[in-house]
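Each of the next two complexes has subunit A plus one more chain, namely subunit B in the first and subunit C in the second.
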Partner chain A sequence: MTHWWRATWAMASLSICEIGRQKTWIVLLAVIAVMLVALASLQAVDASAQLKLSVVTISGSINFISTLFAILLVAATITRDREQLVSLTLFPKPLPMSAYVCGRWLGVQIAIAIGVLILNTLGTLVVHLTADHAIPEMRTVHKPVDWQRVDIFGETSPLDTKRVTLTGTKKGGAIRWDLAKLPTNQGDLVLLLKGRLRAIDPAHYQSHIAVSARPSESAQQTLLVCSDESPYGSFRPDGKPVESGATMKDKGDNHVDLNQDYMRFRLAQELISPEGTCIITVTRNDINSSLSFKKFDSCLIALSGGGFFTNMQRGGCVVLAQVGYLTAIALLCACFSNIGVTLLAGLTAFFGALTLSYIQDMTGSGKLPNFLVRFLELMQFIIPDFNRYGVEGTLAGGQAVGWPIVMDAWFYYGTFSLSFLLIAWFVMLRREL
Partner chain B sequence: MNLPPLKLAGMGLGLLILAQIWASFFVFDARPQAQRQEQESFFAELPAGEIAGTLMLGGFRGMAIDFLWLRAIQAKNDARYYESVALFDLISRVQPRFERVWEYMAWDMAYNIGHYVDQKDDKWSWYLAGLKANLRGVQVNPSSERLLRHLAWMFFHKGETYMERIESVTWQPIIEAAVKTYQSEIAMPMGKQLSSFQLAEYFYRLSVLVADREESRQPVFVRRMVALAIDRDANRVRNRGQHFLALQRYVEALQAWQDIIAWSQNPSGYHRGQLDIRLTDESYQRNEGGLRRKMSNLGKLLAKESKTGEAFAQAAMKRDIKTCHALMAQSDLWNEHIETATIQWLDE
Partner chain C sequence: MAQAAVIQIKGLSKTYADFWGRARVEALKPLDLEIQEGEIFGLLGPNGSGKTTTIKLLLGLLNATNGDAFMFGQDPGNQDAKRRVGYLPEETYLYKFLNAEETLSFYGKLFGLDKTTLDTRIDALIKQVGLDHARKRRLGEYSKGMARRLGLAQALINDPDLVILDEPTSGLDPIGTAEVKDLIVDLKQRGKTVLLCSHLLADVEDVCDRLAILHNGQLKACGRVDELLMSEDRTVVEIKAGEESQLDAVKAAAGEALINVDHPRERLESYFRRIVAPQQDVTKQENEA
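Right, the complex of A and B next:
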């Protein structure tokens, strides 16, 4: 086993040296220059949007460049080994084929990781220097463990759906979220709330809600007031500040920006029990509109999620997981075809992964011929979803990228990568080199 | 042919020289006629950087466009409007002649993003940004009736929401770069306090003009929108108490309807045959009759003497626009404002 690891590491080191000798760092410098120029010329409506756009530009550039590099670098190394007969000098040595395949993959990944680290560092530096106001605090969110419906008489009933709507001609219906394992030593916390609002009359596109919190069932409810720092909700439609609760607006499921789409409330330490539990109740006070909430997205507790740079690097790790899939598929294609075909295959896989949701919509639309539907359904087994984690939007929205997301991404994309690496190993074993 | 290489090279060189002479003297003179006018103006409207960026991408331009579109639509679906707007702006630089990009960008900013922001000032900013994006598209694509039509629609449909702000803007500096090609044919509306309907009327007229010139497949209803825009503008000034001005605008609307019925009797340009003619006639019957009755009633109210009012009413009902103009030219016969002349209900 040690021998296998040493051989793999030797191939990885060789790959990194070859990549360095190809002067790909020149391309990286060009990319850095373009990114810096792009960041300087970005225009947005306000400073906050400018900052988000900068974050998205950096993340997007890293994503795109990593993708191209992954396909190009691995295609170049494998096809050169085959076509220029470098393999004749490699395989007479005691080099397992699996170590060769994994080593090449690992070497390209490490080279891209170095590039991602440099781009992230420079991008973060530029954002810090150009931001007109402070970099937003990155927050991680703590989700509720359960929720219940409370009727107008105060009776609670469990909910087994992920979405519920409060409607009807009487006030007083409410939703209650149970929170657990909250930190008890971080002082006051921030409660984030949002929901969907539906009204027939446009004049009722805002609705007053009462928000209360208590540490346990037996404790008394405390009414909360929308914070002044909240992006909306702290003023009534007539312009006066709310005295309690908040004025809710319609925020759809795709509005996930923590800084912009959620109302904020201060959750005092006294409202959290020593065991870390808290019960949040949102009551509908306006009969002219219906309110709709989701179990895990409508009520959140915002906790500190680390620094901006740390989260950018974790986001980079998720990008590396995606890139690993592309590296593996390009490596497989390079094992039996030339560089042109490999590039095309890699780009096809990339675009397929980007548009997986559209492919799924098309197969379910009923407008395609059967053979095409079956073909696309089969393709979905080998194409992962590159929009699964939405790291760029998450970072721009002020939400932290936690290690669980990174691990999940590596597990998800890694499964695909491993499959293609296994096939590549099998193909290489069968080839006459 | 088994000629020595040197001879072959000499022959090739000679042919090249002959071709160059022919191109320099015979083809050169014919080039201005062969070159399409719109291509010349298209490149003239783009900054040098954008031309270089568009051309240098070469074969990767298609791939870049696909990637940008995917990102832009994903960003819009995720409500990251700051990103979607920036991406559509980038797409418009790579695909400046694709009308849908400009149309989509303008609509997205003015309608979708403007809806989601909360402050009224922010809503206006996004609406104005949408208009400017559409104008930029018109500037880059001067032969696009579609973009002109879309711009007119944005003024007609959404402009009333921001009427006061639109009237406070001096529009000439904003729109002159986009409409300078047409200045000789339809003059840009001048002056201050231009309403959204006046601007809609202007851009609808331009759209019809461009469609006729370029023989574009323009929907026939666009011609009717000119008259409807004037009618709406007249209602607007009427409700503000400028009754005599409203009467003048009603006469202009009536003239516009006469132009439409004249077109339907001798249709030119693109149309879907009898279906479009019939729809035009039906719309004319529905709208023009009501307009004439409005004019007659208002004319009778505003005239200082009843015989003037009756004469005007008769001329209006008979579609005698010349007489209407002649009567209105004598301003001493008319009141500017009458208490009872405001519209009391939505559809008179």
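Right, the complex of A and C next:
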């Protein structure tokens, strides 16, 4: 076993050396230059949108470039082993085929990881320099466990839908969210709230609500006021500050930026029970508009999610998981075909993975012939979905990319990678030199 | 001392097939061969006679169509057997982006050699193959002969018990060729086994204990070099000193000056031509037809 590791590591360091000594650095520099130029020419309506745009562009292009790079590198290195017949000096040595396959894969993976690390560091720097704002704050969110409807007399009734709308001609209808397992050692927490708003009259595009909290069922309600950093909610449409409660704006499903789209309230530590529970009640105080909320997305507790840089790097880990899949595919192709075919197959897998979610939407439309639907359904066992984690969107929305996401991504893409590596190993075992 | 067979080949044959599995070339017809420990064995044959194919089958780089091959009593491709083998392919295929030291260090690591052993061995091998002046240069800049020399060093990095050399002198200068010959003799003195493929018959004749001649994938001759080259229809009389004209007198006299009456040796070259020539004509005719 130790010999296997040594051989694998020898192969991996060879790959890293090979990649390092190629002229690929020039391409990398060119990419950075293009990125900077592109960023300088991007114009958004305001500073916060500009920041968001920079984050999306930078992390998006880093992801795109590194995945493409991986395909190119594998195609170049492995096919060369075969075409330049280096394998004739390689395989008479005690080099297990599995160590060769794993070592090659690992080497490319490490080389890309180094590249992603460098690019992400530069990317953070660029975001810092181009945005007038400071580096965006990153948050992880804590979602409620349950919710109930509260009628105007204070009677609660369970809700089994994921979305509910408060409407009617009487004030006072409310929603209560139950939160559990909140951290009790972090002092005051931040409550985030948003909702969709519908009104007939433009004068009521903002709606008055009351937000209150209590640690448990039996405790006294405390009315919350918007905190100073809240992007909206503290002022009435006429510009005067609200005396009590808050004014809500229409924020639909597309508004997911934790920094921009949610009202913020300070949730004092007294309002959280020692067990970490808290009950939040939102009451509708304006009969001219209807409010609708979602069970898990409208009322959140924001916790600090670490710095932008670390989140960017964790996002890089998710990208690496995707790269691992592409590396494995390209490695498999390189085992039996030339550099051109390998590149083509790698690119096909890449764009297939990018468009998989759209293809799946299409299969659900019922407009395609049956055999095509079956075929496309089968595709998802070969091609993973690269939009599954949407790292750049997450980062731009101020949301942290936590380790659980990274683990989940490695498990998801890792299954695909492992399958293709196994096939590659099998193919290599059968192959003659 | 009973010698152990390092290489055992039993009825080994190889037919190259195309992509669809249809037989294309019968490169090796069933072959039986045994190479003993400490022997220098020459494998000869014209181009395309199946020498490289035999070696690749031994190393497990090709899958045999029929028959068995064993190295150190193990199947081809066995990792333990591979640890004791050094192989120089017929052309030098090495990574162009590495320099001489890195190349040897990489191959050494595949054998799991520790750093101190590796460092001393790399140093010794680079000096032995005469590349001391170019040890830091990338192989992409090497000349053909320089790469060949490094290929030879690469084959010896694990101090192998069995060295398989496929045309080791191709591309080497006369000094290099002589050095390779010395190296082979040195290996024999250290008790190693050598399997040598070469087209330089004079060299094979000089260093090999036994040899086999393949032609069109068929074994045409196999045996000790001395025995194969013995001409039994003639007799040579060696005399201490004297001239041709005196030979009869010397013979008749058969006095004390007569030291040795023995079968003279044929040159390997003429022997090789004799073995190979008639069939070559046959192939030629076949091709023309």
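The rule is simple: the second predicted complex is superposed on the first by the 414 of 433 C-alpha atoms of A that agree within 3 Å, B and C clash if a C-alpha of one lies under 4 Å from a C-alpha of the other, contacts with A are read in each partner's own complex, and residues count from 1 in each chain.
Definition applied: a contact is a pair of C-beta atoms (placed from the backbone, for glycine too) under 8 Å apart; a residue touches a chain by one contact, two chains touch by 3 or more.
Quick caveat, the model's predicted, so the values are computed rather than measured.
Q: Put subunit B and subunit C onto subunit A via the superposition and say whether they clash or fit.
A: Once both complexes are aligned on subunit A, subunit B and subunit C fit side by side.
Q: Going by the contact rule set out at the top, does A:Arg6 touch subunit B (first), subunit C (second), both, or neither?
A: A:Arg6 contacts subunit C only, not subunit B.
Q: Applying the touch criterion given at the start, work out whether A:Leu14 contacts subunit B, subunit C, both or neither, answering first, second, both or neither.
A: second
Q: Between subunit B and subunit C, what opening angle does the Cα centre of subunit A see in the overlaid model, nearest 10 degrees?
A: Computed angle, apex subunit A: 110 degrees.
Q: Could you say whether A:Leu53 touches subunit B, subunit C, both of them, or neither, answering first, second, both or neither?
A: After superposing on A, A:Leu53 lies in contact with subunit B but is clear of subunit C.
Q: On the A-aligned overlay, A:Gln84 touches which partner chain: subunit B = first, subunit C = second, or both, or neither?
A: second
Q: Which partner does A:Asn387 contact after superposing on A: first (subunit B), second (subunit C), both, neither?
A: So A:Asn387 only meets subunit B here.
Q: Which holds for A:Ile110: it touches subunit B only (first), subunit C only (second), both, or neither?
A: So A:Ile110 meets neither subunit B nor subunit C here.
Q: Is A:Lys93 touching the first partner subunit B, the second partner subunit C, both, or neither of them?
A: second
Q: Just subunit B (first), just subunit C (second), both, or neither: which does A:Asp261 touch?
A: A:Asp261 sits against subunit B, while subunit C stays out of touch.
Q: Regarding the shared-chain residue A:Val373, is it in contact with subunit B (first), subunit C (second), both, or neither?
A: So A:Val373 meets neither subunit B nor subunit C here.
Q: Least CA distance subunit B-subunit C after superposition, rounded to whole Å?
A: Minimum over all C-alpha pairs: 28 Å.
Q: What does subunit B use to touch subunit A in their complex?
A: The touching residues are 63, 66-67, 70-71, 74-75, 77-80, 82-83, 85-86, 118, 122, 125-126, 129.
Q: Any idea which subunit C residues touch subunit A in the complex?
A: On the subunit C side, the touching residues are 56, 59-63, 79-80, 82-83, 85, 87, 89, 91, 93-95, 97-98, 102, 106-107, 109-112, 151, 154.
Q: Once bound in the complex, which stretches of subunit A touch subunit B?
A: Listed in rising order, the residues are 42-45, 49-50, 52-53, 56, 60, 64, 232, 249, 252, 254-257, 261, 347, 351, 354-355, 387, 390, 393, 396-397.
Q: Can you check the complex and tell me which residues of subunit A touch subunit C?
A: Subunit A residues touching subunit C: 2-3, 6-7, 9-10, 14, 17-18, 21-22, 84-96, 432-433.
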